[in-house]
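So, here come the structures, one by one.
Each of the next two complexes has chain A plus one more chain, namely chain B in the first and chain C in the second.
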Partner chain A sequence: MPEWIAACAVDDIDLEDVIPFQHDGVDYAIYRSPQDEFFATAGYCTHERMALCDGLVMDGIIECPKHNGRFDYTTGKAAGAPVLVDLRTFPVTIEDGTVYIGIE
Partner chain B sequence: MSAVPGMVVVGGGECGARAAFALREAGWSGPLTLVGAEAEPPYERPPLSKSMMTRSHASAPATICDTGMLRSAGIDFIAGTTATDIDRDNHEIVLDHGHRIAYRRLLVATGATARRLPLPGAAADGVRYLRSHNDALALWARLWPGARIGVIGGGFIGLELAASATVRGCAVTVVELAPQLMSRGATAQIASAVAARHEQAGVDVRCGTGVVRMDRRDEAMLLELTTGETLVCDTVVAGIGAMPETALAQKAGLAVDNGVRVDTRLTTSDPDVFAAGDCCSWPHPLYGGRRIRLESWRNAQDQGSAAARNMLGADEPFTTVPWFWSDQYDLTLHIAGLPDAATTEVVRRRPDGVEIRFGLGADGRLLTASAIGTGNTTAQDIRLAEMLIARRATPHPTTLADPTAGLKALLKQGPH
Partner chain C sequence: MNLMGSERLKRYSLVGPEAERAVVAGLAGGTDWFRSDMPRRRMKELMRRSDYPAIRDTVIWLGAMAVCGALGVVLWGGWLAVPFFAAYGVLYGSSSDSRWHECGHGTAFKSRWMDDSIYHLASFMVMRDPTVWRWSHARHHTDTLILGRDPEILVMRPARLARILGNTFGLVDVPVASRDMVLHAAGRITAAERTFIPESEQVRVFRTARIWLVIYAATIAACVLCGSILPAMLIGGPRLYGAFMLNVYGLTQHAGMGENVLDHRLNTRTVYMSRINRFLYWNMNYHVEHHMFPMVPYHRLPELHEEIKGDLAPAYPSLWAAYKEIVPAVLRQLKDPTYYIHRELPPGAAPYHPQSDGRALAL
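Then we have the complex of A and B:
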């Protein structure tokens, strides 16, 4: 069972945007889609260690700010060169305006 | 050598490696050969002047793909080998050890070499350059604390090296002939911000200064400057641009024009021979068909992929917006489009102090955007600007200047 960690308030993230979140020294990226759904992935690109929270969220994709590595942030799937390794994803749940992510 | 003619890529850098994999991704299942001049499997060049140079230990190159990945993609990788000839009549390339490889389509991705400094003096052969991992290793070993490093050329490579050497504790002097740094690639405001950051870090930045001659005194190099001064250095490195590697194409009679001349489909004057990356020049449709040649990581990748698809008949014009970055200290500079194409500048001053500089054409089209900031804080805006440039958008200058008007919203308004 994952441990549910309060990451941020729903309103902390704009629609179609990403913010960073840190827990226990580990970095995560939390996303809010244009359809107002929330997602969470590992905080760093799998290509080189770049923080994804500086990247662009558009059309279901988070793009690494450094080398434009692209991932589907809803599934973590790598979407083309230079990234070859998928992004780890984490379950998200919303309760009373708070975003919780599930960490194993 | 190979009986069935397949796809052959000459050049084992970013572009060639990307092209080889893209050929497989686009469905090519026949023979596929990648010929690389260096001994290593394809590796990334951007870290050579940056993260690799600042590390406290000598490091192996950051590989793009290892031999296992090449093998599992069915790419026959021939390392440490140069192609010496293209026998276009017989559709074969000739390798330096005499072997021939038949091709159905050939990609020339031979890259560029560091421009040599024509410098008189007893120690002129002691100037170092940076292009390969071996160059980087040799230079890395010279960056001991207190080492006096003379950098000739205040362009991107020279400045990245100056920053890295400073981080390693060296005493660095940058000598640039032009009155400002990065005069080929950046706006004056960004150039002065970069100069200020270097000076703050202790670099002696000398613009408008040339080198007259170079001599050796014991272990030291003496650089005689146009100002009459003599600079004493332990190591001298020149970053004064790169020359497209066109010898192979030229020998084969292919058209050359500031690089191997290709059309928008990246085809050379021979329809079965393509060229991509640092070695080629092509007419850019977004800039009125102006023939340009780029030396950048992203362009090498994108052109490699596009050439691969066109080698298989995709007939796809290459229209990607030029995009470039440079890391110096904690700063990252991003440039999209061609800075010298713009006639009007619009500045957006963000609340965090970052300035995004947009350049518009006479017709109001967005042609370029650039910014410098800490880490990747400018990446998003420049990426969005790049997409606006690709769309030939004509955003209103007032909107561009307004930091509360999101560029993403502008992009989503669609074509104007």
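Then we have the complex of A and C:
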């Protein structure tokens, strides 16, 4: 069972955007889709250690701010060079306006 | 100090001693570069993609090539063909560089397939393997002008002047690209390429090289059959006779600036250019801005420049102004490779990266 960690308030993230979250020294990225769904992934690109929270969220994709590495943020799947390794994802739940991410 | 020949090349080699030194010195990996403060909402606006500007510019670009190429063919054999082939050559052999660049970043269009299509077309024109150079350029952005790490340093210290001047007409780039194409077609890559291209990607390199070789062989065969160089004037040849503006624009990016620094304001230039040059070069004259925020599409770079110019040394007012600095600096570096151009920031600008200022040499 994952441990559910309060990451942010729902309103902390704009629609189709991403914010950073840190817990126990580990960085995460929390996303809000245009359909008002929330997702969580590892905070750094798998190509090089670039923070994804500075990237562009568009059409279900997060693009790394440095090299345009692209991931489907709903599944973590890498979408082509220069990223070849998928992004780790984490379950998300919403309760009383708070976004929780599930960490093993 | 006077570094020449193999000593100089060793310092810039991706498999030489400087590569290891850059890692040990904490210069490699690209995570600590200076970036101007920018509100997230504004940055999102600037990063937003659109198909329209690049479709408009691509229609003009390819349309102008079609018209100039057709008129050049019709007028072939007379002097009247010269201006049309000159224009065709620049559009093919020089502007392909910026199209390769922008579409390689995936920022020119919103639609990925459009970026990829123009990327492959422009890669062919500029004779850069699309896979090798995608990875090479990613490294260039990670480790811009870091010795032993950046595979795209055009002007070394001291500069290889004959090579730079020869490339005004592609006289080094084209033979090197041809040699690599044959190597890749044979299923091999160079030791330097192996440092930045994952093994799983190498098969793409081999496939592209084989396709390109067939196209160039067909072009040469067409020349033989026609008894004329006209087919090569349209395919391949422009990378030679039309490459001079590629060099003119490209050298302004980093020549003479600081090496082994973690602040693009120390190793990169922004140069104001005319509307025609900005069309041909797709706004890559805003080069500090591009390196600081590579996700901003070329058509939004002038706005980004306005947002952050208070943090930057003043932009060069023209190509002429940039070359008035570049030429003496590169000539001085022939005798003194420790020299580099260090520009003063305006009052109120964020200071230079603390690790970078004054560290522009790792000798």
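Basically, the second predicted complex is superposed on the first by the 104 of 104 C-alpha atoms of A that agree within 3 Å, B and C clash if a C-alpha of one lies under 4 Å from a C-alpha of the other, contacts with A are read in each partner's own complex, and residues count from 1 in each chain.
The working rule: a contact is a pair of C-beta atoms (placed from the backbone, for glycine too) under 8 Å apart; a residue touches a chain by one contact, two chains touch by 3 or more.
All figures in this text were calculated on a predicted structure; none of them were measured in a lab.
After overlaying the two complexes on the shared chain, residue contacts for A:Gly102 are found with neither chain B nor chain C. Set side by side, chain B and chain C differ in how many residues of chain A they touch, and the one touching more is C. Contacts of A:Arg70 after superposition: chain C is touched, whereas chain B is not reached. In the superposition on chain A, contact of A:Met58 is made with both chain B and chain C.
In the superposition on chain A, contact of A:Pro82 is made with both chain B and chain C. Look at A:Arg49: by the touch rule set out above, it reaches chain C but stays clear of chain B. Common to the chain B and chain C interfaces on chain A are residues 48, 50, 54-56, 58, 63, 65-68, 81-82.
Only residues 29-31, 40-41, 43-44, 47-49, 105-107, 131, 134-135, 138, 141-142, 198, 200-201, 293-295 of chain C touch chain A when the two sit together in their complex. The part of chain A that touches chain C in the complex is made up of residues 14, 17, 47-50, 54-56, 58, 63, 65-68, 70, 81-82, 84. If you check the complex, the residues on chain B that touch chain A are 18, 21-22, 62, 64, 297-298, 301, 305, 325, 375-377, 379-380, 383-384, 408. Residues 16, 48, 50-51, 54-56, 58, 63, 65-68, 81-82 of chain A touch chain B in their complex.
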